[in-house]
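Next come two complexes built around subunit A: one with subunit B, the other with subunit C.
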Partner chain A sequence: MVKVYKELNDILLVNLNIKEASLENGDAFKAEIIKLFDKYHKSIAINMSAVEYIDSSFLGSIVSAFKHLISFQADVVLVGLSKDITNLFALTRLDKVFKIYNSFDEITNQ
Partner chain B sequence: MAISKPKQILLVDDDQLFLKLIEQVFKKSGFICTVAPSAEAAIVLLQEGAKPDIILSDYLMLKMNGFEFRRYLMNEAAFKDIPFVFLTFFSDKDLVEKGLDLQAIDYVIKDTPINVIVSKVNNILFAVDKQRELSENEVKKAAKSLNIKSIPVKPPEIKEFTVDFWHQAYHGIPGGDFIDFIKVNDRYNFIVLGDIMGKKWMAWFFTFGFLSYVRSAVRFAAFNEEYSTAKILQQVNSIICFDEVLKDILSSLSLLLIDSETNRITYAGAGDLPLLQYSNETGELTMVSSSGLLLGLFEEGNYTEKEIVLNQGDRLFVFTDGMIDFIDKTGKKSDYNQFSKTLKPFMEKENNFTHIAKSLFSGNLNEQVDDRSIISIYKN
Partner chain C sequence: MAQLASKQFLLPNTRQSIKPSVQEVLDFVINSLPASVNAEGISFKIEVIIIELLTNGIKHAGTIETFLDVTINEDNINIDKKDFGNRFHPGNITSLLVYDVGHRELLTKDGLHSMYAVVESDTQIRFVCEEENGDEVLDVTNLMEHFGLLIITKSSDTFTYKYDVDTGLNTFSVIIDLN
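On to the complex of A and B.
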């Protein structure tokens, strides 16, 4: 579900290859992110451009993975959110919690 | 009762001809088929979100064989519970035993006529559904005997206002949405709507932890005559962040206080969707947003308070995210504006919440993707 795209000095770029992010894959997603963090020990940028729908259970899994990483002074960064998902993040104030970028290039060009 | 929908089957076989044949027969029998020419391809499909009700896999395949495939699935939390059936030959008898050791539900001899294979798969799925239903009924009975509810039986009676609510559990199983009405006295009434992130029983179990904290915080506030919804939310959030059981559980919450003496409503929200306020005078629906973060996220939740004034005939809607989720031809969607647009024409012609709920919300259960809850506060 989560595939490593590129490892940079301070951040790992990964692709989330699912169309529907929901209860069914939320726990597995969280476990994969934590496993990647345990291996690379750095912040993780998740490209979510393939995701068309996200439910509150999966949002909970993202937030939970984020809480885990920030407890180790790392971060979860979100990339390529669709318009609907961007709106959902704004409506529920999660856009104030996560750093959100349009593409990996925006991160690498920083 | 669960609504029956077409079953999805994942067919895995490196014999392309057999795969095509079996796919056609399953399709004719009403199945939604996903096919994979190898175990590796099947794993990619599953990782990309395929959600079959059952997997029918050949044993003898190049590279990864059926057993290795099954062993892989057994080690993946998301896939290990998908019923798995081996397709094999009589000559693989000893392998069949090994396969059943891997908790494959059954095996089917490959020479069996395909319509018999379909019947066998149907029987397995029927048995799995029946078992699931029995387990759910057991939990439902247990919950009922404990007499605990996360949704009230009826709306409260509040001076100057008419409060109604509508709730529909996802697949008929109690979930993470919770509603509470707390009457302090004739003047003050609190309205609580929360949504634990998760679904079904797991989320339902935690609703009582959250509800207990909200009730306690409201009671303490009332005891101290401190009627601030933002302060109550901050207090609840602080406790949850320290609670060993709840600290990894997140919840949205809308907390409203109705003052029947001044007719004012104060509102604070935690990661909840903006409320919708209908003005009887202008016929417009406007968003009422709050600033607070989800309960359990950070110790400082940035909760602020908003004052809402409803005039006669105005209405305020408080709802969970299940209300804005729907399914169309292209898949599942969350669309707040669409929900608001659908609601608006009804507001202009219909004054009765029960009628609004019946016309708008009680649609096709197959289109429901989460718990759905909405509270209406109408100014008499």
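On to the complex of A and C.
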């Protein structure tokens, strides 16, 4: 589900390769993110441009993974959110919590 | 208040069926809306509300199917999700009989929101969400991880839950004002 795209000095770029982010795969997603963090020990930027649909359970899994990495002074960064998912992050005010970028290029060009 | 359209959907209570169910309901609502309504804004609200009502049903109801009654009026959209599954107990509420009408029970609280259940009768509660003002530094370790009730509450104008003791009917009722 989560595939490494590129490892940079301070952040790992990964692609989330699912269309439906839901109750069905939220726990597995969180486990994969934590496993990657245990291996690379750095912040993780998740490209979600393939995701068409997300529910509250998956949102909870993203927040849970984020809280885990924050406890180790790392971060979860989100990339490529669709319009509806952007609206959902605004509705839940999670857009105040996560750093959100349009593309990996925005991160690498910083 | 004139009723423009009404339909009852019988939907399977499975994870795989949520997306097609949402699309089916959404198509009905969009095609039934008055011409004066901004369909794009309503579409997002309807979509997230249906997703979360059905997801909540899968998590808690324990039934094979769920009923969704959708009514479009001139002034609002009313969505009632009904099932005969497990009674819903938000937060620490085990019985409404111990509370006075008007009592506000705090369900969840973090640096972004507080969610309350307001007792409307001995069988009905209304969900209320308040945004925190954000003057203090946000404690991200305290962030809530359950967003279903919050998403429905913030996407609608009224969101209630009623339990019929005699029949065992659970009714989640959502109203979206169109004006």
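To be clear about the criterion, the second predicted complex is superposed on the first by the 110 of 110 C-alpha atoms of A that agree within 3 Å, B and C clash if a C-alpha of one lies under 4 Å from a C-alpha of the other, contacts with A are read in each partner's own complex, and residues count from 1 in each chain.
Convention: contacts are C-beta pairs under 8 Å (C-beta built on N, C-alpha and C of every residue); 3 or more make two chains touch, one makes a residue touch a chain.
All of these numbers come straight from a predicted model, not from anything done at the bench.
Asker: Using the superposition on subunit A, tell me whether subunit B and subunit C clash or fit.
Answerer: clash
Asker: Once the structures are superposed on A, label A:Leu91 by its partner contacts, choosing first (subunit B), second (subunit C), both or neither.
Answerer: Touch partners of A:Leu91: subunit B and subunit C.
Asker: Would you check which partner chain A:Ile34 touches, where first means subunit B only, second means subunit C only, and both and neither mean what they say?
Answerer: Neither: A:Ile34 stays clear of subunit B and subunit C.
Asker: One more residue to check, A:Met1. First (subunit B), second (subunit C), both or neither?
Answerer: first
Asker: Between subunit B and subunit C, pick out the one touching the greater number of residues of subunit A.
Answerer: When the residues of subunit A touched by each partner are counted, B comes out ahead.
Asker: Have a look at where A:Ser71 lands relative to subunit B and subunit C in the superposition and call it first, second, both or neither.
Answerer: In the superposition, A:Ser71 contacts subunit C only.
Asker: Once the shared chain is lined up, is A:Asn17 touching subunit B (first), subunit C (second), both, or neither of them?
Answerer: first
Asker: Contact-wise, after the overlay, does A:Val63 reach subunit B, subunit C, both or neither (first, second, both, neither)?
Answerer: Touch status of A:Val63: both partners.
Asker: Quick check on my understanding: which residues of subunit A belong to both its subunit B contact set and its subunit C contact set?
Answerer: 20, 22-24, 53, 55-57, 59-60, 63-64, 67, 84, 87-88, 91-94, 96-97
Asker: List the residues on subunit A that touch subunit B in their complex, please.
Answerer: Touching subunit B: residues 1, 17-20, 22-25, 27-28, 31, 52-57, 59-60, 63-64, 67, 84-85, 87-88, 91-94, 96-97 of subunit A.
Asker: Tell me, which parts of subunit B touch subunit A in their complex?
Answerer: 47-49, 51, 76-78, 176, 195, 197-200, 203, 248-250, 252, 271-274, 289, 291-294, 297, 321, 325, 330-337, 369-370
Asker: Under the stated contact criterion, what part of subunit C meets subunit A in this complex?
Answerer: 15-16, 18-19, 44, 47-48, 51-52, 55, 58-59, 112-113, 131, 134, 138, 140-141, 143-148, 150-151, 154-155
Asker: Spell out the part of subunit A that touches subunit C in their complex, as residue ranges.
Answerer: My answer: residues 20, 22-24, 53, 55-57, 59-61, 63-64, 66-67, 70-71, 84, 87-88, 91-94, 96-97.
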